[in-house]
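These notes open a run of structures that come right after.
Both complexes below contain chain A, partnered by chain B and then by chain C.
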Partner chain A sequence: MTLASVMRRAARLLLVLGAISIVTFGLLAVMPGDPALALLGPGATDAAVAEVRASLGLDRPLIVRYGDWLLSALGGDLGTSYQTGQPVVTSLADRFPLSIELVLVSQIVALAVAVPVGLWSARRPGGIVDRICSVGGLGLLSLPMFALGSLLVYVFAVTLKWLPATGIPSFGDDPLGHVQGLILPVLSLAGWQFAMYAQILRGEARTVLAEDYIETAVLKGLPTRAILLRHTLKPASLSLASLVPITTGELIGGAVVVETLYALPGVGRLMVDAIAARDLLVLQGAVLAVAVVFVMLNLFADVVVRWLDPRIRSHHAG
Partner chain B sequence: MARIHRLSALLGVLTLAVTGCGAGGAEPGGAPGATGATGSPGAAREFRTGLDTVKVADPVRGGQLVYGLEADVSAGLDTSKWYCGPACRTIAKTIYDPLTVVDSGGTVRPYLAESVEPNADRTEWTIKVRPGIRFHDGTPLDAAAVVTNLEKQRTSPLNTAALAPVASVTADGPMSVRVKMKGPSSAFNVWLSTPIGYIMAPSMLAAKNGAHNPVGTGPFRFVEWKAADHLTVERNAEYWQKGLPYLDRVVFRPNPDVESRVAALRAGDIDVMHTDSADQIAKLRGDTSVRLVESELFGESNYFQLNVKRAPMNDVNVRRALAMALDRDAIGRTRNRGVTRVANGPFPPGTPGYLDNTGYPGYDPAAARAIIEKYEAANGPISLKLMIPQSPTHAKTAQVVQQMWKEVGVDVALEQVEFNAFLERDRRGDYDMTDARLFGGADPDLQRRWWHSSGASPVGNISDPQVDAALDVIRSSTDPAQRKASAEQLNRRLGDQVNYLWVNWTVWAVAAKPDVVGLNLQIPGGGQAGLVLGDHWLTYASRKR
Partner chain C sequence: MPVEQGTPSAATTVTSPDPAPAGTPARRGAGRGLGPGALVALGWLAGLSVLALLGDALPFIGDPSRMTSLPYEPPSSAHPLGTDEIGRDVLSRVVYAARVSLPIAAGAVAVAMLVGGIIGLLTGFLRGTVDEVGQWLLDVLVSFPPLILAMAVTAFLGRSPVILAVILGLLFVPPAARLVRTHTMATSTREYVVAARVLGASRIRIVFREIVPAVVPHLLAYAVLAASAVIVIEGALSFLGLSIPPPTPTWGGMITAARDGLAEAPHVLLVPVAVLFATVLALNGLADTLRSRLVETR
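Here is the complex of A and B:
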């Protein structure tokens, strides 16, 4: 990509983020509920609610609050949590790494299983791998994430007691415990991804396998391995490659469910807790951070697709 | 069931006597006496008998406990700053000691205070501070520290209603505090068992981030808090109750989902948890791998709140009809799986004001239908909305009562509202009916702010001279018999006026791994407004060898 196009994209990113910040701020302002009630509990008096709202700066007009927030946000300060009194940036820095780890590991696991399974199913349509894969895949696709998660907990944590049902120690404190704690959440997240990837790759690979050049390769006596990995995977993975960054965004949504189910301190749970407590600036910051990740992923997807498909590359260059 | 509880307690005592499990628990001077019992060894269930200090059979020093809680303490542990709910109180009472505690008989006893005594007409209270105690930061506990705490509580927006009767708090000597009231206030010592009476170190109250670095005199000292992950406390070796606590460390882990918490207990990730979910309690009762302790002592009432300022709920006959339509035995049996008992008022059994019969209308669908038909003939059809917090538990119960009301001719639509929004609309009075849990506690004075017309909290939605008069006697009278009579009068008035549709008493349960002993003590809950009234069972908990 040229420098100019990078600049253009960066400018567009800023515009998108600006728009998101306005929409989020507005939506949060009209959301029913009150941060003061979360802090004061049931039975708060009118005077107490007014006093706390004033101390949080919530008695000022919306536009002033937004302007204040925007000014400090441009300086890298996303405000302070009403609940903890911590800077929002600190909370995000604390909570994002685990969510990113969850999402990345889930993608890797899903792809690592889906690629061989998808290719093999395409190679032998109607074969045993294909049949197990389509039935199992359909099951995984139709199973909501929380249901799969609860099932995994029941089997592997409650019944077999192999893995923890909730929580995760930090890698530094307990590396093995960390990996063990990651397994069930990752499987819950990856199940759906795997099924989708395998189905898509199977479809694409079957189209590719029907091409003349594959027949040529077979006639030349190339080994199956080489045909599948070298000549089928790259062209067949085009739609997969453009899909992965987008589903990564979806996985961030899934992380909200999984982090709640497994009681993990990630950014998804931060958002859920912030909604319950009407911790508006935390929510605003988290939404913005997720938006940045999402936009970057889409950018990344563009780059990958160009690399995989020379036609798109040359078209744009021309 | 209360009788069964007592009986189990007796059996427990006998078991202890027979098996020769001696008493090893400490009994501090002036603190609650030890009359309870642990269950027989290996028993899957135990019934708790009260808040009295239970002597732990053969306690073991050392070990740690992982406690799964329903919420994180994001807003910190400064009880003078923000509301301290059950999860917060469970942690707070390991770090702080309350000035007083309430035993299972409802008697207020000094705890961190050596004594809390009123003058003859209850217009002044004197708190003598227990000598020789130091906060975790090494500073001494004295009158000045207690004054700092009470002043901080008094000026906090959190307590404007609760501490309104206090005129001044002053040190009256190095170890004595005088609290002057604006008028007679006979239950001030009960309030000191609530988070208002948890004593924090003045250094913590002065620090900018004190709420997240709590310092008290309690059995455990704060170590660290990691948001949404854990909060750790460790044994205070210099604790004023010598020999206590037994555990080295308690790790609190927040996990909002109760099913996930039960799974965590069964999988062994956590050692102990508590819940008020009847569904989960029923499930845990059948689990022999879990030790379960239940209590409804001082428990809250579950009820439907009627907006008496709106038609048709402003008509007492309609309110009675709505009450008579509810088959509360059936709700308890089916929805709550037989865990809970039918409630008939705001005062639970064993507290002043409780009555077997409050005059609250019983189940009578035919009479209810007649009233509704008469009202509808004159005023047109009744169509109501029941506002409930978003949760499967609330929704399931609401569907059951919706059907019961339909059978007497009242159409009720369900409206599920996210919890914070629910609180806001509840406060504004923007509802027909809501599903709620409140009241309970050891003394009726604790409930004054919900009902007194001068009270600033609009949740109760009551303005009734008879109720006000009863509450005034409860606050000012020095005669326990007179206070009790007034509480009963208040209970009857609420039963007659049907401002609330009582459903059941809340049952709280603590579930733990079988090797956790000393469980049958304090249970979170015990009334809304954060009233953990007794001392904390974690002080006495230990793990079997």
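Here is the complex of A and C:
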């Protein structure tokens, strides 16, 4: 990439990050009712409300309050939870690792299953495997994550009693228990991703197999498996990478659902609990953190796409 | 096919990577009819809407919040789908929950198509600065994961059906706008549009008489897909207890509540899951049919 395009990209990123901060700050500012009362929660004394109003500087202009908030956020201060008295940044740091683990492991599982299934079903378009995959894929894509997760709990935790329905010990305390606790959440998260990836791979593989150069490869005597692996995976990986904004958005939302369903202490659960307790600074901080992570991941995926795609790469180099 | 929550440029290009069926004999043989799958899907959606509209005017459906029986009753003649954790009729609840899901989905899709359609037309037709500003605004909107944005906004602003429909609709403005923008730009260069311009037609006339009719079918096909995605997100919100508050029944809320009695009364879980699945599947299947139909006629 040229310097100019890097600069343009950086400028755009700054604009988007700025807008994210405005929206996140704005949520609290446009909320109906008294933010001080909402922050303290129901049952706060009048004196406490007055104190918080003063500390929030609610009498000052909005733009000044935004500036203050942004400066402290940049300095790593997102306020304090009224519930636990813990700094919001600390709670976020405690909760992020498990969410990241969940998302990463389910991505790996989804891809590891989708690649063979997608390529296999493309070998014979319209064949049995292909049909099962296309019907099954449509079904899996139509089953919302919370419904799939609840069904998994019913089958594997309640009926068969193979796996725990809730909770997860830390890996250090109980490695086996940790892995067992991870299985159902990961399956719930990976189901939709798997169906999505398998469909894309199947489509890519079919397009590739219709190309002339594949016939050449076949006539050369290359086995189908080698052809599929060599010629399909690269263009398909490009489509997969360009899908990242959708799949990550889906996974982050999915993590909220799955962490609630299986009572896992991740960021998603933190947000749901914060909403239930009206602990709005925690919610605000978590939304900001998640949105920033999301934007960064999308930017990263965009760079990867450019790096993978020779057309875009040479266009920018030239 | 379906992108549960999300960006639709990809929904159109990626999830249906094989427009191949368009040319295959099987599809061509289907002719102008909709095909059995699409008819079943339409039948399900129409039937569910009628049930939801009629509500307790129907013989088997009663007040969804009345405790009419013992908890966790299995299906019986009095309660065709059994009763839930506090003895309410599951059939009545699952039907009344459609009164939440379907109108919110319809409202959200209307918001997304209207706002996204206007933005897409303006940015695609005028280009230049308008386009740049529009693209940037859409970029901001897609920089929040959809469910997180919906959770945060409803937490701060409240959970009325109108707020839910508007916020869920806004989530689908960027994809709708990009779709319309792409088709607007493609149509603007077609011969008949150029001809109209040469003949001296006003810009307003060109937009409404030439471009809009070409763009609307694509937007409608996307609307069906968006409806399924809205139902899924609203379901996730109600599953988390962040949509319309109880005692109003919602599919997501019913699925959450079924959790405690899974061992003795799985029907309390399976009924809302099946209804939700069938509805989303019907919309996804319809969206697929519509899209391949569009590819075919192009």
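The rule we apply is simple: the second predicted complex is superposed on the first by the 260 of 318 C-alpha atoms of A that agree within 3 Å, B and C clash if a C-alpha of one lies under 4 Å from a C-alpha of the other, contacts with A are read in each partner's own complex, and residues count from 1 in each chain.
Convention: contacts are C-beta pairs under 8 Å (C-beta built on N, C-alpha and C of every residue); 3 or more make two chains touch, one makes a residue touch a chain.
What you see is a predicted model; the values in this text were computed from it and never measured.
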Which superposed partner A:R206 touches (first chain B, second chain C, both, neither): second
Partner chain(s) touched by A:A147 [first = chain B, second = chain C, both, neither]: second
Greater residue coverage of chain A in the superposed arrangement, chain B or chain C: C
Partner chain(s) touched by A:R12 [first = chain B, second = chain C, both, neither]: second
First, second, both or neither for A:V158, with chain B first and chain C second: both
First, second, both or neither for A:S242, with chain B first and chain C second: second
Common ground on chain A, meaning residues reached by chain C in one complex and by chain B in the other: 31-32, 150, 153-154, 158, 260, 275-276
Chain A partner contacts - residues on chain B that touch it in the complex: 68, 72, 74-76, 82-85, 157-158, 160-161, 209, 211-212, 226-229, 253-257, 259-261, 263-264, 266-270, 417-421, 423-427, 438, 449-450, 456-459, 528-530
Interface residues, chain C side, partner chain A - complex: 1-7, 10-11, 14-18, 20, 136, 139-140, 142-149, 151-153, 155-158, 228, 232-233, 235-236, 239-242, 252, 255-256, 258-259, 262-263, 266, 269, 273, 276-277, 280-281, 284-285, 288
Residues of chain A touching chain B in the complex: 31-34, 37-49, 51-52, 81, 83-85, 91, 94-95, 150, 153-154, 157-158, 161, 163-167, 260-265, 269-270, 273, 275-279
Residues of chain A defined as touching chain C within the complex: 12, 15-16, 19-20, 23-24, 27-28, 30-32, 125, 137-139, 141-147, 150-151, 153-154, 158-159, 192, 196, 199-200, 202-204, 206-207, 239, 242-243, 245-246, 248-250, 252-253, 256-257, 260, 271-272, 275-276, 280, 283-284, 287, 290-291, 294-295, 298
